[in-house]
Structure formats: C-alpha cells, structure tokens
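Once you scroll down, you'll see the structures, which are given as structure tokens.
In what comes next, subunit A is part of two complexes: it sits with subunit B in the first one and with subunit C in the second one.
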Partner chain A sequence: MFSLAVVNGLVMGTIYALAALGVSLVVGIMNVINFAHGEFYILAGYFSYLFADALGWPVAAAMVAAVALVFAAGVLVEYLLIRPTYGNDMYSLILTFILSIVLQNAYLHIFGPYPKKPPNWVKGATNFFDQFYYGNQRLVALAAGAAVIGALFVLIKTTWFGRVVRATSQDREMAEMNGVNTVGVNLVSFGLGCALAGAAGVILSPIFPVTPTAGVAVALTSFVIVVLGGMGSLWGCVVGGLVIGLVESFGATYVSTGYKHLFDFVILLGVLLVRPSGLFGKPAA
Partner chain B sequence: MRGRWAKRLGMALAVTLGMGSAWAADTVKIGVVGPRTGGAAATGKAFEEGIQIALDYVNSHGGVLGKKLEVVFEDTAGSPDKAAAAFERLVTRDKVAMVLGESHSSAALAEIEVANRLQVPFVVVEAWADPITAKNYKWVFRAGPSNSGVVNETIAKWVEHEGFKRVYIVAENTDWGLGIKGLCEKALKKRGIQYASLVTERKAQDHYTELAKIKQFDPDVVLAFVYGTGLHYFIAQAGEVGLTPKAVILDGAGPPSLWPDFWTNVGEYGDKECFVSSMHEKVELTPLATHFRKAYIKAFGKKPSDYKSRSIFDAILIAADAINRAGSLDAGKIVSALETTSLEVTRGTVRFGTTKGGPEYHHWMPPMLVIQWQNREQVVLYPPQAATGKLKR
Partner chain C sequence: MKRLRWRWWIGAAAFVAVPFGLDSYALHVAITCLFYAMMATSWNLIAGYTGQVSFAHAAFAGIGAYTSGLLAVKAGVPPWIGIAVGTAAAGAFGLMLGVLCLRMGGIYLSLATLAFSEILSIVVQNEYEVTRGTMGLQIPGLLPTYSKLSYYFVFLAAAVGTVWLVVRLIRSDLGLSFRAVQNDEAAAAASGVDVVRIRVLAFTVSSALAGLAGGLFGHYLLLITPTLLSLDQMFLVLAMAVIGGLGSLWGPVAGAFFLEILSEYIRAWGEYHVLAFGLVALVVARFAPDGLAGLARAVRKGPPAPGRPAPAAGGRS
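Up next is the complex of A and B:
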C-alpha cells in the first residue's frame, strides 16, 4: 500500500505540476489569472479524441496536433480578450471566468454529456515485485509529463525566448527599454500556458476521459499548487504539484478520498501560515 | 389628449395580456427538473428524449383536460441549491400544474421541501434516497426505485442467490451513496455475509489506492454505488490493478453501464460487469414498453439504452392521467387523483402506497433486474424467473 501510494502520488503530482505550470507562467509574466485554464485542458482532450478516435490518426500525431491547436486557441484568446484589458487585471479575471462557462456549455452542445476517451498509447499493467499492479498508461503519463516539464525548463533557462520571458517577468519596463516586445511575449506566453494545460489534457485523457465540466477541478488544483509553490515560481509549481499529488495519494490510502479537497486545503493553509509567499515565492518587499 | 392615449395604451396592454393568458390556457404546463449540465448531464439528455416521446404519445391521445400538454424543463445540475431554485421558478414563473423528474437524491431532497412549502404535486422519478418519501409529505410521490427497495428486493437477494461470501461496498459521498451503503451493510449483516466498505469522493477520478484496499480484502463481489463517469474510471482501474475478473463488480445504479461511451472508456474490463436496471434490451413487460422502444428508434435512430428516458416517459403518463382524472389543475385534487392511480406504464402497473410511516408512502417501486455484460450482450441474472443466463466469472 505504501509503495503504491508513493508511485501514484508521483504520477498524479507530475501531471498536476504540468497543468499548474501553465497557470504560473501566465501569472508570472502577465499577472493574469486564467479562469478558463481547465477548459483548455479539456479542449486538448477533445481534440485528441477527435483526431485519434474519430479520424483515426496515430496517437502521437493526434496529441501534437491537439496541443498545437490549443496553443493557437490560447493566442487567439489573448489577442481578442486579454489584450484589451491590459492595465485592469479584474477585467481579465471576469472575462476568463465567463469564457470558462461559455466553453463548458459549448463542449456540452458539441460533444454531448458523455465522457470522451482518446485511445490508450499502451495497454495492460506492470506487476511491481508482486506488491501491486500499476497501469502502463499511467507510467507512460509519468514519463511524458516529466519530459514536457523538462523541455519547458530548458526553454525558459537556456533559450533567447526564455531570457526574454524572464526579463519581462522580472521588470517589464526595463525589458521594454531594452527592446523586448513585451506585447509579443504576452501573446506567446498565454498560448504556451494554455498549451501546457493542453499537454496535461492529452496525457491524462486516456486515463480520465474528458467531460464538459471536468476542467473545473483541474483549474482548482492548479491554482492551489501555484499558491502553494509561490506565485510565478516554476520550481514552486513542480514541488507544489508533487506535494499535492503525494498528500492526496496518502490521504486516500490511509484515510479516504472523501477528504481529498480537505487535504489540499490543510496543506495549503499550513504552508501559508509558515511562508505566506508560498514554498518558493519571494516575500513581498 | 394625454389621458386618451393612456387609456388606449392601457386597453392595448389589457388585450395583449388577455391574449397572452388565452394562449397560455391553450396548454397545460408541467415542469421537469433534472441535471442537464454537471457530472450527470447524460440524465438530462435521457430525460429530453423521454419527454419528446411522452408528449407525442399524450397529445396524440387527446392531451390533458382537452388541451395540449407542455413540458418546461429546468436544469438542476445535480446541485441542491440550484434544484430548489429551479423548482421554485417552475412554480412561480411558469405556473406549472405539477413537477416531475430529478435523478440526484441530494437535489430531490431540496426540491421536496419547496414542493411541500408551495403545495405543488411532485413526482420524483429517479432519486433513490429513502427520506424522499419517508418524510411522508402529502405533495411528494415517487414513481421509481428507492434505496431500501433496490437493496432489500434485488441487491441483497442477488448476493445471497449467487452465493457470494465476501462483499466490498464502495459508495460515493452523496445522499444516495451513503444511504444505500448503510442499507446494504444492514442487509448483509442480517444474512451473515462478510463485508467491508469505504466512502469515495463523488467526483473522484483516481481510485487506485482504494482499489488496493479492496484487493487486500479479496472480495467475491464489489457493490459500486458510484454514479456517472466515476463508475467508468472505477471499472477500468479495477481491471488494471487485477481486482477483476476475480471479483465481480455490480454497478448499483445502472445507467452509466448503458451509456454510449461505456465500452470505449472501460475497454475489455467492462465484460462480466453487472448492473442494476429497470430495463433490458430484449425484455418488455407491457405493450407500452414495446411502443416506447419503437417510438424511440423512430425518433432517434437508435435503440434506447439509458433507462431514465423511459422513467420520465412513465412519469409524464402518470401526471397526464392524474390531471385528467382530477378534472382540474387544483393541486389538492391532483394529489387525490395520484393516490388512486392504477395505470399501466412501460414498467408495470403504477399504484402508490398510501400507508404512512415509511418510505413506501406515495411510492411505487418498479421491478428491478440484475444484468451482466457477457461478450457485450445483456444477460439477466436476477430475479430467477426473469433470468436469461447464469453469472459468468
């Protein structure tokens, strides 16, 4: 039971972290809280289902196309909805909240109320030392989630785009004075944030089929992780995701899944009492 | 001058309003409550289908009180607060004569309080928690299963009939789940059958750690009281961790095992799964069940699967019959008519209990079956007189 709780906590935590990284990136650079984050997760799941199941594409091609389309959808939303609200964060909050409701209803009308599941990449389960069986699809999800997180860190830490993003998030005015097109950074960053939610969606939807309203829980968990890890901290997201994944897994093993959200809340409250800026957040000046 | 115009405007308004009420009087309105959004939105779709067929049937058979029957459907999203508000809107805004529907016990328990306060007849269709009728409200009826009925008449007897020795109960943390879990524990204890149980989050997706606990108990059968997509997750994951096929899973509600995406979501792990249902694809209890199947195929180009479309069809026929026999839209007269109902619907003949003191009051319990998927074919296991095959493991 203990080993299963550890493995399952790590798998779920990695995917949570991936989804939360999208929120963190957008908050860190644009100071925008995207309430429709979970709906982009679901959108990727639906695209993946459409391409792989309905159109019969290879699973890998369906996944890449789904994430690319969600990136494009994010760019479009930034251009049409977020950009006109620059300077008033409350408007973007309200707009993304409305977008979230509109998208949920659109999914219901287009895809219906029944859950949709893209095909598994792998089938069956692996026997861990005769202690427990673990689904192969989940093991692949762990590897894929970790690979995407790794790629994001390489992008942010080692590339020109990453330097521009970090400069913008640290001091927007100074970045602009140094010739950085911060409007363009916002556009790409918002798209990237949505694409990260989409990546989590395509990885997880073969395990947890998507429904029109399933994104709400994903967004909620992502926000908890971002606050827990420290607003805007990418490392904080990874650690926060793993903490939440493990706490939920141990809680479900030794207490009950009925208290899942209570565990999240208690751990968040505990950390904020000790470090109000979150695990990796910088204390306010 | 201004006074004359005011008079003309007033007359025009009066005529318009008069015409409005005359138009409204061309139909008799009844309300339906149920989830069209949220985790059980599939029920709303099933309800819409059943309503369409019922309205065609009732209106082609003379309607209600010589007028056409009209249905106003309000979404409850499975949430008690939305459900109470929706019920109140139907009564105060739409002026419905009575209300039918619901499939979430928590929502129905909120709605019966509104029905009682506003004194509006309410026929609950697919919300199973015992207190819904055990509260013995004059205005509340139930033309569908109750937790105690399903457990004592079907599930517990089936467990005993199959000779299961070790039973695990998994229940979602809702009024339905917790209520039916308690009743199952009581029934199994009475029969001396060993059991264990756990409560799961209604919206939980990941059941791995729970399944590890269940596997340690080594049950013969798992009674899963988890509704909606959650059941699909549970069955798929039970297969992955190797709990099934050694143990058999019983879906204690039914419809999720009949949804169109069931097989896509659970794959081969769905084979040998059992479920409780008031409908079997090849068993039709009355001529109206045959009519329903044919009308459904004609309207939607597919066979009916989610039995909740048939439940709401029956409820609308019960409502139309009661209003016709009451001879008016007076709520008290409709209640009296409902109490003397003797109407053949798709699931048998409806007669509401009138003895106060328990959940049987104002309740009609349709017969329920235990069905098993065997190579994607439905095989009736219980009751024995209706069985079309034996349990496979």
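Up next is the complex of A and C:
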C-alpha cells in the first residue's frame, strides 16, 4: 500500500507540476490567471483522441498535433480576449472564467458527456520488487512528464527566448527599455502556458479519460500548486506538484477517495495562513 | 432629480401591481428573477465596487440554503430563524476567506473562492446521508400556506432590501473608500484608507446577502440540490452582473431580469442556452465591459461611469 501510494503520488505529481508550470509561467509574465487552463488540458485530450482513435493517426503524431493546436488556441485566446484587458486584472479573471464555461458546454455538445480515451502507448505492467504490479502506461507517463518539464527548464534557463521571458517577468519596464517586445512575449508565453496544460492532457488522458468538466479539478490542483510553490516560481511548481501529488495519493489511500481534493484546499488554506507567498515566492512587500 | 423620483414611483407601482395579473408560471419566473437580482446585486458589491472577483457566490447561497434547510429538517427550527442563521453562516465564511486572502490581493481571493466552491459542492454531494446529495433535500416552505403571490412579495421585499443596503454602502463615506480602493489601491492606501478592511467588509456583506438569497430561494423551491451551489450557477450570476453592467446599481438587476426571462424563452433550445449565454457574456465582457448600463449611458450621452476605469490597452499596471 505504502510504496504503491508513493509511486502513484510521483506519477500524478509530475503531471500536476507540468500543468501548474503553464499557470505559473503566465502569472509570472502577465499577472493573469487563466481560469480556462483545465479546459485546454481537456482540449488536448480530445484532440489526441480524435486524431489517434477516430482518424487512426500514429499516437505520437496525434499527440504532437494536439499540443500544437492547443498552443495555437492559446495564442488566439491571448490575442482576442486577454490583450484588451492589460492593466485590468479583474477582466481577465472574468473573461477566462466565462471562457471555461463556454468551452465545457461546447465539449458537451461536440463530444458528449461520456469519457473519451486516446489509445495507450504501451501495454502491460511491471512488477515492482514483488510488491505490486504497476501499469507501464503510467510509468511512461511519468517519464514523458519529466522529459517535458526538463525541456521547459532548458528552454527557460538557457535559450534566448528564455532570457527574454525571465527579463519580462522580473521587470517588465526594464525589459521594454532594453528592446524586448513584451506584447509578443505575452502572446507566445500564454500559448506556451496553454500548450503545457495540453502536454499534461495528452500524457494523462490515456490513463484518465477526458470528460467535458474534468478540467475544473485539473485547473484547481494547478492553482493550489502555484500558490503553494509561490506565484511565478518554476521550481516551486515542481516541488509543489510533487507535494500535492503525494498528499492526494496518501489521502486517497488512507483517508477517502471522495475527498481527495479536500486535501488540496486544506493545503491552500494552510499556505495562506502561514506563508502566503508560498515556498519559493518572494514575500510580499 | 424630480423627474427621476417620478420614474421611480412608476417602477415601484409596476413591481407591486403587475404580479396580480400574472399566472402561476409567470410568477415563478418573476420570483426567480428577483432571486437572481439579489445574487447579481450582491456580487456586484464585491466585483463592481471593489474590483475583487469571488467565485463562491453560488456557494454562499448554497450555505444559506443548506444551513436553513438542515436546521428545519433535522431540528425543526422555523425557516425564518434558519434563514437568519444561514445568512450569518455565509457571512462568517465570507469573513474567514476574506481575512485569509484579501491582504494578498485579488487573484488569491479568486483562487481560494473557486477552490472553496468546488470543495463545498464535493462535500454536499458526498455527505448524502445528511444532505441527500444529488437527490436533493426536501425542506418546509417559508409560509404556512403555499401561495406564489405571497412568495413574490417576500422576494420583492428582500430584493429591495438588498439593493437598499448596497446603495447605502456605496453612497456612504465607506462607498467613497470602496471606489478609491478600486480606482487606485496605492493612492487610497496613501490617503489613509484601510484597503484590506474595506475589501473584507465588502466581501463579508456580499457573502451574507448571497446566503440570504439562497436561504429564501431554498424555502421557496422546497427542494435544495447541489446545483444551487454549482459553478454553472455561479456563471449565471456572473453573466447577469457583467451583461447588466458591473459597478452600476441597476445594471445587475436589469441583467438578472434580462437573462432569466430570456432563458425561459430559449428553454426550447435545451442545453444550448448555457452555451449561448456564455458566448453573449464573452462578447459583452470583451467589447462592452460596462454592460447594458454602460450602453444606456452611452445612448444618453451622459458622463462616463464614475469610479471605474475602462480596461486600457497597453502595458499592465
């Protein structure tokens, strides 16, 4: 039981971290919370189901296409809805919340209420030290999630694009004065944030098939992780994601599965009480 | 001013006289409109006047309804007392969440209220032995005899009371502080306004009013289900306030009547009406952020809304 809960927690935590990184990136740069984040996760799940299952594409191609389309959708949303709200944080909250309801209802009409599942990448299960059998699909998901997170860190920490992004999130005006096109950075990083939700979606949807409203829980978990890790902190997301993954896993194993998300909320309240700036955040002035 | 008061009386007379000419179905729609008017008006107090977005307004209505309903069913408490307790409970939860989140700024309140709302609906659905879950909890009526007309007047009184309270708050010295906080937090703080306290006060009052609306509506419907505190319900209230016009007194009331009556007309579309509302709300929030009230003002060529900056293009604040 114990070791199974640990492995489960690590798998979920990695994917949660991936989804939360998308939120954190956008918060750090634009000070905008995308309340439709979970719906982009679901969108990627539906796309990969559509391409791989209904159209019969190879799984890898379907996943890449799904994430690319979600990136494009994110860019479109930034351009059409978020850009006019610069300088007014409240409207971006309202707009993305309405967008999430619109998307949930659109999914319901297009794909119906029943779960849709893209095909598995691998078959079978692995025996863990004669303790338990663990699905290979979940192990591959863990590896894929870790790989995408690694790639993101390389992108942010070592490339030219990453420097521009970090400069913008540290001091927007100074970045502008040094010739950074911050509006362009907003556009690309919002798309990238959505694409990260999409990556989490394509990785996790073979394990947890997608439904029109399943995105709410994903988004909430991501938000809690972002607050726990500290708004805008990327390392905070990785640590926070693993913490939340393990807490949920142990909570579900030893307390109650129905109340899995209650633990998230308790953690959120605890963070707000004890250290509102989160584990890795800068304390508020 | 004189002419305005004159219009006022016509409106009041219409609200009192019209229900006598309505059949039972139309009365039900009118009562539902008044319920949503209370919800949208009280949400407007926090969103429109202090610029903080709460996603737990439906959840607070649910707290009001379930507190009063459970007290009546399990302990035989009279509904009037139950509703008062439910209102106080919603206010108390609002106070706690507000104190926790509001010193950190708006985004934290939005996140925490969204989480709170989801958790509450999970709890209500899982504790079906107490709440009867999605089956719904049957609760006694507010009035000894069931008469839609009487309920209409109860809701009318409550809605007028809600609007009155919000107007009083906004037009008081406190209201000036509200708007100062919304316009420019730093400047308000520098002028000696206790920003956090203003926000917490607005949020607590707004939550308590949602609890009142929910409690009354539960005892009118006689059956409360988790849909009362769902995010879909929250979305309806938000859409009404946004389409009507945030930061205006009559906007949310007009929005509530407009959307509720519209939804009765397009009921035939079934499930599509939430999608349709969503698209309309999205277009309004994007292109006419002052809603119907803003459009009306533009038509009358009056001065722009006091105290609410239009979303400006260009760098973030």
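We take it that the second predicted complex is superposed on the first by the 283 of 285 C-alpha atoms of A that agree within 3 Å, B and C clash if a C-alpha of one lies under 4 Å from a C-alpha of the other, contacts with A are read in each partner's own complex, and residues count from 1 in each chain.
Throughout what follows, a contact is a pair of C-beta atoms (placed from the backbone, for glycine too) under 8 Å apart; a residue touches a chain by one contact, two chains touch by 3 or more.
The structure presented is a predicted model; accordingly, all values stated were derived computationally and were not measured.
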Combined model on subunit A where subunit B meets subunit C, clash or fit: clash
Which of subunit B and subunit C A:31 touches, first, second, both or neither: second
Subunit B versus subunit C as contact partner of A:276, first or second or both or neither: second
Partner chain(s) touched by A:177 [first = subunit B, second = subunit C, both, neither]: neither
First, second, both or neither for A:208, with subunit B first and subunit C second: first
Partner chain(s) touched by A:108 [first = subunit B, second = subunit C, both, neither]: both
Comparing the two partners subunit B and subunit C, which touches a greater set of residues in subunit A: C
First, second, both or neither for A:98, with subunit B first and subunit C second: second
Touched partner set for A:90, first subunit B, second subunit C, both or neither: second
Partner chain in contact with A:258 - subunit B first, subunit C second, else both or neither: both
Subunit C clash site on subunit B (candidates 99-107, 135-143, 153-161 or 261-269): 99-107
Residues of subunit A at both interfaces, subunit B in one complex, subunit C in the other: 105, 108, 217, 258, 261
Residues of subunit C that touch subunit A when the two form their complex: 47, 51-53, 55, 100-101, 103-104, 106-108, 110-112, 114-116, 118-119, 122-123, 126, 231-232, 235, 238-239, 242, 271-272, 274-275, 278-279, 281-282, 285-286, 289, 309, 311-317
Footprint of subunit C on subunit A - complex, ascending: 27, 30-31, 33, 35, 80-81, 83-91, 93-95, 97-99, 101-102, 105-106, 108-109, 172-173, 176, 182, 216-217, 220, 223-224, 227, 231, 258-259, 261-262, 264-265, 268-269, 272-273, 276, 284
Partner subunit B, residues of subunit A touching it in the complex: 1, 4-5, 8, 12, 53, 104-105, 108, 112-117, 120, 123-125, 132-135, 208-209, 211-214, 217, 249, 252-253, 256-258, 260-261
Contacting residues of subunit B [partner subunit A, same complex]: 37-42, 44-45, 173, 198-201, 203-210, 212-213, 216, 229, 232-233, 237, 240-242, 259-261, 264-265, 267
